[in-house]
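Right, one structure below, let's go through it.
Letters A, B, C and D name the chains as they come in the text, with residue numbers starting at 1 for each one.
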Amino acid sequence: MSAQRRIAVILGVGPGLSASIAKTLSPTHSLLLLSRSLPNSLPSLNLPSSIPRSNILALSSDGSSASLETAFEKLKETWPDARVDVGVYNVNEKFEMKGFLEKTEEDLRRSLEGGVIGAWNLSSLLLPLFLSNSPDTTTGSRGTLLFTGATMSLRAGASFTNLASGMFARRALSQSLAREFGPKGVHVSHVIIDGIIDTERVKGMMGDDQDGKRMKPDEIAESYKFLVEQKRSAWTQELDLRPDVEKW
Amino acid sequence: MSAQRRIAVILGVGPGLSASIAKTLSPTHSLLLLSRSLPNSLPSLNLPSSIPRSNILALSSDGSSASLETAFEKLKETWPDARVDVGVYNVNEKFEMKGFLEKTEEDLRRSLEGGVIGAWNLSSLLLPLFLSNSPDTTTGSRGTLLFTGATMSLRAGASFTNLASGMFARRALSQSLAREFGPKGVHVSHVIIDGIIDTERVKGMMGDDQDGKRMKPDEIAESYKFLVEQKRSAWTQELDLRPDVEKW
Amino acid sequence: MSAQRRIAVILGVGPGLSASIAKTLSPTHSLLLLSRSLPNSLPSLNLPSSIPRSNILALSSDGSSASLETAFEKLKETWPDARVDVGVYNVNEKFEMKGFLEKTEEDLRRSLEGGVIGAWNLSSLLLPLFLSNSPDTTTGSRGTLLFTGATMSLRAGASFTNLASGMFARRALSQSLAREFGPKGVHVSHVIIDGIIDTERVKGMMGDDQDGKRMKPDEIAESYKFLVEQKRSAWTQELDLRPDVEKW
Amino acid sequence: MSAQRRIAVILGVGPGLSASIAKTLSPTHSLLLLSRSLPNSLPSLNLPSSIPRSNILALSSDGSSASLETAFEKLKETWPDARVDVGVYNVNEKFEMKGFLEKTEEDLRRSLEGGVIGAWNLSSLLLPLFLSNSPDTTTGSRGTLLFTGATMSLRAGASFTNLASGMFARRALSQSLAREFGPKGVHVSHVIIDGIIDTERVKGMMGDDQDGKRMKPDEIAESYKFLVEQKRSAWTQELDLRPDVEKW
């Protein structure tokens, strides 16, 4: 008799941190990967061939409740008896160096969509699934919900009016959910990434990381995996990650 | 020759803190008072008769850019040569004790509208006016922009998923604007109110404040006035306010 | 019949911020000024001649309990029936740009003495006097205890191992005392100064403040006075102060 | 040819968290265990017999530089060619429910000794040893220095005047050292423990943890081990740990 299939849902998947998180979780979890550009962009993630393609479901979602509901229906069809017990909200937005008066209300609204509304929608679909799980026999957790944060989640710099508004709000959501759902057996955590991630896009723009100043996606992803594995009497709600050489 | 008329704009005006702020600023400023229910609700503010009615312009605004633009046009018509140099964003929302799974995306969107989008819109209209002012000869300020915060601006409690998201975002906006516009001569500040304000509505719900545990709107308002009067080499970006007896 | 004499006690008095605080409080308070170099250094404070010399008691104290007890006895002899209702702890230490491994345990111990032990000793003598006061009829306060903080009270920079340890500890003391003594009618507040103060010493080292980047001691002192005047339903525990142009 | 022996130094060792950290690190590290009551109290730690007694060096230290220097000389004699690359500062003090005015300067001084001075002394001896190591081939780290914090490291409650002063100072030290020594290849981290640890002492005082509300020392210790294993492009400076059911 085989063990129950476990599912991790990652929203905001591009060829950087999310691909590393997917790879890191793949030995224990099948993957529902979601982003605007999926499934078309799946090859660009360069997931290793060691992950059976049958363990990956890649679907398009912009974080709207409609797109997420469709994706979760497809998830249920594909793996009807699986245990969905990990969610990662990893949507991020490009920074634009513009003054506040050059920005518009639409800039703020877009940052709030990606910052917190998509996170809310994902949480709304995942938490009922988590609550329906029995506690994991090792960790005691019914599910783990992870939010990616950034330096601007804690400090709103001068050109970050809209981005920081979205990221402060995301941190509020994660903290509030941790307080509400911790006692119900769900681990909610917020990971503050304080540095430049060495993705293909960054390499394309800035060249190779010759001085070792950038964060390796695979090294970041180990902390996500660790949070999934923490046991219920000692859960982390928030941790920061930065390279050894970072000035902060 | 008379001195130039000065204008304070207050958005989110009800018969509590905003009325006290209006009263406190009235000796030096004419008032543009804005809220959904104004001008109809003006009598309920119980503003003292010592404020000349001709120094008050009360208009309706829901914080949308359209409603604010209309209000600012009316302001310009009414007092064409005035110096607009104070803005107060004091919109707040009633707390509902509901679990996250009983709430909807609409609850979050409403909290973001009041929490940060209205604040963004007000700032977009006020900051160009402030920048067109010369520095005040006493304070060195071209204008003061004040945001009201709350305990949930810093700590997202278990039933505050949506409200805290909006208030964390408001705090981000205030902090980011302070960093961008401080060096341009604009004082941006965030006031964290940590306690129950003794308004008529609260008295109606909870009776009189017999133990002196509530915050007096007039006493809070003095800190807003103080922020307006601070001089530019020593500006406060954030302060908290709470009653002596508060547990925190 | 004359009003009761009121006393403010300031520890850590040099010719910068403390002198300005003394000057700002002098219309309402007689002054007990304390520092290592007083009373000899009194002329260097350049206090205005408008303060009657009979309203100043300048004594030496290094913050030790013995030196403070002696000073408080002298205070009681000089003004036996006065109301002591303001205390300011303003001791600071020069920053030394040295790496941790070049520093010694003695550096840490010195920073703790000035950072928190002197503050503890001053509080131990002031709080019983405050508690013996009746509430002020205007503010409702039995006394106000103010601690000067700095950027390093919140952020421990790379060369600040010892200094930040002392200043973090000072902030802890102020916060804990606020929680314990607020409900007993004592206002305890922590002022975070984030910038360079334009003192004579700084002018001597760095020249005049030609760009207006420094904090004026008199402008900072107004916030101390404001904290003394706040009314009990809306007390501030912590505020920051910085120049408009400061990068932070 | 055998691999180089690795050493972890733990100061503040009692039969709770420190014993679990020792156990968790024992597969990779020999242990220098230090506390006032060691080596006599070694049996009370209940270390598993799977740890060879020859891998444990238990010595007395009260955190003073003299006692630590003696211990480090003994360490060098015992394992002359070992790589010392983990340090844990885990000293804690019993909370006493007493008002500030019932406490003395000695209470503060004792809290500062345990809170930060012992941590400073341990760091002074460990960091030169770490800097002499080559970077670990897996993590890139020359050494990991871990400080145990608590809720009172962030929030100074009403009866915590002295304890919180020491713990705020410890947090400052850890943060400052992280900023100075991160770029030199040393990982410095601060673990905030927000809950009651289910130690033998606690069980003796409060009975068994029948509701599963307490933190299991072994589950906490896994986070310490994880911090030791983090790779240098993504190091955590601070994380919190609390039980799922904790109100916070």
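Here are a few things to note about the model shown:
What we mean here is this: a contact is a pair of C-beta atoms (placed from the backbone, for glycine too) under 8 Å apart; a residue touches a chain by one contact, two chains touch by 3 or more.
What you are looking at is a predicted structure, and each value in this text was computed from that prediction instead of being measured.
Path length between subunit B and subunit C in the touching-chain graph (shortest route): 1. Subunit C and subunit D have Cα centroids lying 35 Å from one another.
Inter-chain spacing, taken between the CA centroids of subunit A and subunit D, is 31 Å. A separation of 47 Å divides the Cα centre of subunit B from that of subunit D. Shown for subunit C are the residues in touch with two or more other chains, namely 179. If touching chains are joined by edges, the resulting network of the protein chains shown is one closed cycle, each chain touching exactly two neighbours. Across the assembly, chains come into contact as A-B, A-D, B-C, C-D. By the touch criterion stated above, subunit A contacts subunit D in their complex at residues 140-141, 179, 182-183, 185, 187, 195, 198, 212, 214-216, 219-220, 222-223, 226, 230-248.
Touching subunit D in their complex are the following residues of subunit C: 65, 99-101, 105, 108-109, 112, 115-117, 120-121, 123-124, 127-128, 152, 155-161, 164-173, 175-177, 179-181.
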